[in-house]
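The following pair of complexes shares a single chain, chain A, combined with chain B in the former and chain C in the latter.
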Partner chain A sequence: MSEHEYTPKSKAGKWFNDRLPLLTLGAHLTDYPTPKNLNYWWTFGGILTFCLITQIVTGIVLAMHYVAHADLAFASVEHIMRDVNYGWLIRYIHSNGASMFFLAVYIHIFRSLFYGSYKSPREVIWIIGLMIYLLMMAAAFMGYVLPWGQMSFWGATVITNLFSAIPLVGDSITTWLWGAYSVDNPTLNRFFSLHYLIPFLILGLVVLHIWALHVPGNNNPVGIDIKKPSKDTVPFHPYITIKDAFALLVFMIIFAGFVFFTPNVLGHSDNYIPANPLVTPAHIVPEWYLLPFYAILRSVPDKLGGVILMFSAIFILFVLPWLDTSKVRSAVFRPIYRQFFWILVIDVLMLGYVGAMPAEGIYLVLARVGTIYYFLHFIVVMPVVGYLEKTDPIPMSISEPVLTGGAEPSIARKVNDKV
Partner chain B sequence: MSKEEKKVNRRDFLFTASYTVGAVGVGAVIWPMIDQMNPDKAQQALATTEVDISNIEPGKSVTVLWRGKPVFLKRRTPEEIAEARAVKMDDLPDPQKDEERVKEGKDEWLVMLGVCTHLGCVPLKDKGDFNGWFCPCHGSHYDVSGRIRKGPAPTNMEIPKFEFVDSNTIKIG
Partner chain C sequence: MIKSNLKLFVLSFFLLISLRPLQSAEMVDPIKVDWSFKGLTGTFDRASLQRGFQVYKEVCASCHSMQYLSYRNLGEPGGPEFSEQEVKAIAASFEIEDGPDSQGEMFTRPGKPSDKFKSPYPNVQAATAANGGAYPPDMSVLVKARKGGANYIYSVLVGYEDPPPGVTLDDGVYYNKYMAGNKIKMPNNLMDGLVEYADGTESTVDQMAKDVTTFLAWAAEPELEERHKTGVKVIIYLVLLTILVYLSMKKIWSRIDTEV
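== the complex of A and B ==
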C-alpha cells in the first residue's frame, strides 16, 4: 500500500523485507485504517476465520483415526468417541464447529445484505464470499456422510440424486459421482478425499476475500465512502483486534455450551444407526443450515423444477449487486427497504422451519408462499424499491453525521447510536 | 506490417496448430482423471444377482440387494393383478401398462428397483393412497404395479433387466 512506507527497524528485518516484504504486509494489516463506527455485526469475519482454522485443525486430527471404508467408517467414528484420548471432544468440536461456522456465516451474509456491503465497489468481495459459502455447503455435506450412519447414507443418496434430474445425462452424472450404481464404498472414499481438500480451497478464497476487502476498505454502518486514514478511521490494531477478540470470546462461550452440554442437539439421532441401503429412515432431514433450500426444493411438485429452483435460490445471490438499484448503501437510510429486509429474514427462518417439517398440509402452503417471496424479494422488490424509495439524508462523514443540515434529529441520533 | 492486408501466414498456422495439439494433449490427460471416478471393474463385477423365489407366497414380497440397490420381488395375487390392469392410462403421470412391466406368462411376479425415482429413497410397501408403495422422503405414491400416481417422482419405479433361470430362480442384471 502506498499510504505509508514501512521500514523494519532491525538490520535483519530490513534484509529479509527487501527480499520478501512480509513485514510490510504485517504492517499494512496492523495499521489498516478501519471505519471507527464498525458495530459488533462486523466481528463475524474474525469469528469465521477462527471457525475455519478450528475445523482444519480438528479435522486433521480426526483423519488420523478415521477409516474411510464402508465397512469400517462407522466403527472408526465410535472408536474415536470411546477409545481415542479426547477423541469425543475433538469430534464434538468438529461436528458442532460446522454448525457454528454456518451460524456465523449467515449472520455475516445478512450483515452484508442490511448494510449494502455487496454493492459497488465491493461486488468481487461478495462473489468470492458466495463461492466460499458454496464450498462450505459442499464440505459440510460430505463431512456429514463420513460417519456412514443412516442419515449419512440417505442424505448422500438424496443429494446426489438431485443431479439425476438433469435431462439426458443426469443418470450418467449420478453414477459418475457415486463410482458405483448406488451410494457405496467408492462414494465414501471420494467424499473423504474431497472433504479434506475443500477447507484448503476455502482458505485460499479467504485470502482473496480479505485482499479484495483491503482494496476499497471496509463498508460501515453508515455506508458512506470515507477518506482513509482520517478522523473517521482507526488502525486495525489494537482497536478492531480487541473488539473482534471480545466478540470471539462470547462466540466461543456459546460454542463450548453446545460442545459440552448438548453436543448432539443439532445432529440427528438416526445417524447413530449404521448405514443400511435397504431401509430409508422415516424422516430424512438435512442439517439445519441447509433447511431453507430443502424447503424450496420440496415446495415444487416437479423433480427438475424443484432442483432448478433450489440452485437458483443460491445463484441469484451472485447477481445481487446488479439487482439492487439503490444508490444508498446502508439500510439505515432506506426506510422502505429496511422493512423488506426484515421480511426476508423472517421468510428465510420460516423456510428453515418448514424444511424440517413433513412436506404436507399447511407446511407445504407455507413453503410455497416462502419460496415465492424469497424470489420476489430479489427479482422485484430490490430493483423496484431501489428506484422508488425516498431515502433519508446521508451524513457527510462518520464524525459529522448532520453537517449538511436538513437531516432530522432522529436520523442524527440513529447514526450516533452506531458510532 | 500494420498497413499490409492481414493474411494467413506461417506464424498463424503455427499458433493454431500448437493450440490444437495442446488442447488434445490436455484433453488426453484430463479424461483419465475424470473417468477414474466411474464405476470400476470390481463394481461392474457385481452386476448380477440370483434369487431363489420358491418360498415366496402369493401376496408377499422380498427385497434383495443388486448393485447396492434394493430390488423388490413381489408375488402378486390375482386381485392385485386385476387392480393394476383396471387403471386407466389417463390416470397415470407416466403411462405404462401393467403387462409391459412383467414377463408374459409370469404375470404374478413384479420385479422392480425399490428406488424412488424422485431422489432415490426406498419406498415403504403396503402404504400410500394406491395400495402399493409410499416414499417417506418426499411423499410419492406408487400403485400395485409400481407406477407413480401422486407426488414429485417423475417416472414409474424402474424394471431392471431380469430373467427366469428356472421356475424357482430369478437372475437380475
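== the complex of A and C ==
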C-alpha cells in the first residue's frame, strides 16, 4: 500500500471519509505506483475485469428470459434469439464472452508463468487467481449445460460421471449431484442456480486478488523488486488506465468480430439439437478451453486414474511457487527455463488439439506424451532448472537496465532496497 | 532469442493444425456454394427466400416442423419480407387448434400472424412412427445444428445417388453421398418442375435446393442481416475509438521517458 496521507478537499468528503475511507481507497487506486515498463501482456488483468462484468450484466438480462426446465430451456433460448429485443446480441455476447474470458485468462496465466509473477512475495495472489480459474471452469461448464442441447446434456453426463470414479461413495455422490438417477430436470435447475451464484464468488475473489496485488505491487518484465514510488514507477492513473483502455479496445474489436460475424464458430453445432437422453452424439467434446484437461483425462485407461490426473493437472499449479527453485523471477534472464516455457505452451496447445480428436491411434499417443510432459515440466524441470541454470545478469533497476552491466540477483536486490 | 522461440512456437502450431485433415477421410466434404448471406456484409436474396418458403411449404412441411418460427416472421425485415396481406393470407391458410374456450372445449380457427408455424405431427413420437422410425428433425435451427451449415443441407438435398456396388439398402433407406454414414431415411423428394414458382423461376432440383436452403439459413439466423449491419458499425466505431485512445496514450506517456 502506498503510504501517503490523503485528505478530501470538501468538508462533506472529509466527514464521509472519516467514517468510511472510500475516498482514501480511490486515491490509493489512482496513485498506485506501477512499474513503468509493464508490457501489453500486463493489460489482461483489466481485460479480465471487463470480461467478468460483461458476463454478469449480459447474464442477468438473459436470466430474465431464460426458463430453467428440461422441457422449456431449449425453447426459451430460441425465444431469446428470436423474440427478445436484441436477445441474439445479448446471448452471443454472453456465449462468446465465455470464450474471450478464457482466452484472456490463459494469456494472463502464461504471462505469470513467463515472468515468474507467482513467486515470492506474490504466492497468495497466484493462489487466489487459481481459485478464480477453478470457479470460472465450473461456471462455464454449468453455463454450457443451460441451453439443454445435445452437448449440454452429454457434456453434463460425462463430467458428472467423473465423480462416480471415487471409490465406495462415487455413485452416491453422482446421484446427489444430479438430484436424480440421471442428468435431468433437477440437475438443470441446480446448475442454473449455481451458474448464477459463481460469478459473484469470482467477483469477491477478484477483489481479494487485487488487494493481494496491491500489497507487494506489480511484478514487471524485468522481474526485479523496485522501490515505490520512484522513477521506476508511474501512477496507475492516467498512465496504466489509458494503456489498459487501449488494449481493451483492441480486445473488444476481436470480441465484436466473433459476436457479429462468426458467433457460433467456437460452439459445437450439436448444441442446436435439443437434448435427447436416448441419442448419444458421435463425439462428446467440451468447449475448447477445457480440452487440454479432457485430453489428460482420456489419456489414462483407468477412469479413477484419469480423474485424479486431470484434477492434479490443475492442483499442481497451487504448489508451483514452491516447485520453482530459481532465484530469478523473469524468464527474460533465464535462458534455459525460457526454452522449457515455450515447450510447455506448445504442449498445452497440443493437448487441447488432441482433446478435440477421438481418443484413438496417434491422438492417444500424443495425449499420453503431452500429459507426461505436462507433469514433468512442473515436477522435474522447474525445480531442477531453477537449481542448475546459470541466469543472465539482471539489471539493478528498470531505469538503468544496461548501464550497470548487470549484477547477481541477490546483490541487485540489496542495491534496489537502498535506492 | 525470444524471436526464434516464437518462430518455433508458431511453426509447431501450424504443424499441429495441418494434421487436421487426417481426421475425417471417409466422409465427402459438402459442396461449397457462394451464398449471398456469407461474408461480413452478406444479406439474404429476398426472392430466393420467398421461393424457398414455397418449397418448404409444399414439400418439406409435410414431415418437418419449424416450431420456433411464427408466421409474422415471414413479414419481418431481413427475412422473406412478404407483405402484411400476404402474411395474413399465409397464416389464415392453416387451421390452428386453440382453446380451451369458456366451455372447456378445444376448437380450431384460421391461423393468425402471431401463431407459430403449424407442425405436421402432434409430437415427436407420432412424427417418428409415421416416418419409418426416423424423426424428421425440426428445421427451425437445422442449419446451425449441422456441421457444414447451409453447404451441408444443400449437399444432402442434391446428393442422392444409386448406391455403389456392394452396398445394399433396406426398404425406406436411401443412399446419399454427403450424409454421415451415407444412409438416409428421407427419400429424394426434389425433382425438376415439382414446384410451380410464383415468380416464374424454373424449378430445377438445384434451384429448389438452393432456395430452400437459403430459407432455412434465414430461419436459423433471422437476425443475420441486422447482425452484419450492426457489426460493421460497431467495428468502425471501435476502430476509431481505438485510434483516439492510442493517440491519447502516446501523448500521456510522452511526459515520461518510457516508450509505450
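Methods note: the second predicted complex is superposed on the first by the 401 of 419 C-alpha atoms of A that agree within 3 Å, B and C clash if a C-alpha of one lies under 4 Å from a C-alpha of the other, contacts with A are read in each partner's own complex, and residues count from 1 in each chain.
Criterion: a residue touches a chain if its C-beta (ideal position, glycine included) is under 8 Å from a C-beta of that chain, and two chains touch if they have at least 3 such contacts.
As the structure is a computational prediction, the values presented were derived from the model and not from experiment.
Q: In this superposition, which partner touches a larger number of chain A residues, chain B or chain C?
A: C
Q: Can A:I242 be said to touch chain B (first), chain C (second), both, or neither?
A: The second partner, chain C, only.
Q: Which of the two partners, first being chain B and second being chain C, lies in contact with A:K390: first, second, both, or neither?
A: It touches nothing on chain B or chain C.
Q: Examine A:R19 and indicate which partner it touches, taking first as chain B and second as chain C; both and neither are also allowed.
A: After superposing on A, A:R19 lies clear of both chain B and chain C.
Q: Based on the superposed arrangement, let me know which partner A:K9 touches: chain B (first), chain C (second), both, or neither?
A: In the superposition, A:K9 contacts neither chain B nor chain C.
Q: Give one of first, second, both or neither to describe whether A:V183 is in contact with chain B, with chain C, with both, or with none.
A: After superposing on A, A:V183 lies in contact with chain B but is clear of chain C.
Q: On chain A, what residues does chain B touch that chain C touches as well?
A: Overlap of chain B and chain C footprints on chain A: residues 282, 358.
Q: Spell out the residues on chain B that touch chain A in their complex, using ranges where they run on.
A: Per the touch definition, chain B meets chain A at residues 34, 37-40, 43, 63, 65, 67-70, 117-122, 135-139, 151-154.
Q: Using the touch rule from the top, collect the residues of chain C that touch chain A in their complex.
A: Chain C reaches chain A through residues 1-2, 5-6, 8-9, 12-13, 16-17, 19, 22-23, 40, 68-69, 73, 137-138, 140-141, 144-147, 149, 180, 220, 222-223, 227-228, 230-232, 234-235, 238-239, 241-242, 245-246, 248-249, 252-253, 256, 258, 260.
Q: Touching residues of chain A toward chain B in the complex: what are they?
A: Against chain B, chain A makes touches at 154, 157-158, 160-162, 164, 175-184, 186, 190, 277-284, 298, 300-304, 306, 358-360.
Q: Using the touch rule from the top, collect the residues of chain A that touch chain C in their complex.
A: Against chain C, chain A makes touches at 36-37, 75, 78-79, 81-82, 88-89, 92, 234, 238-239, 242-243, 245-246, 249-250, 252-253, 256-257, 259-261, 263-264, 269-270, 272-274, 282, 332, 335, 338-339, 342, 345-346, 349-350, 353, 357-358, 362.
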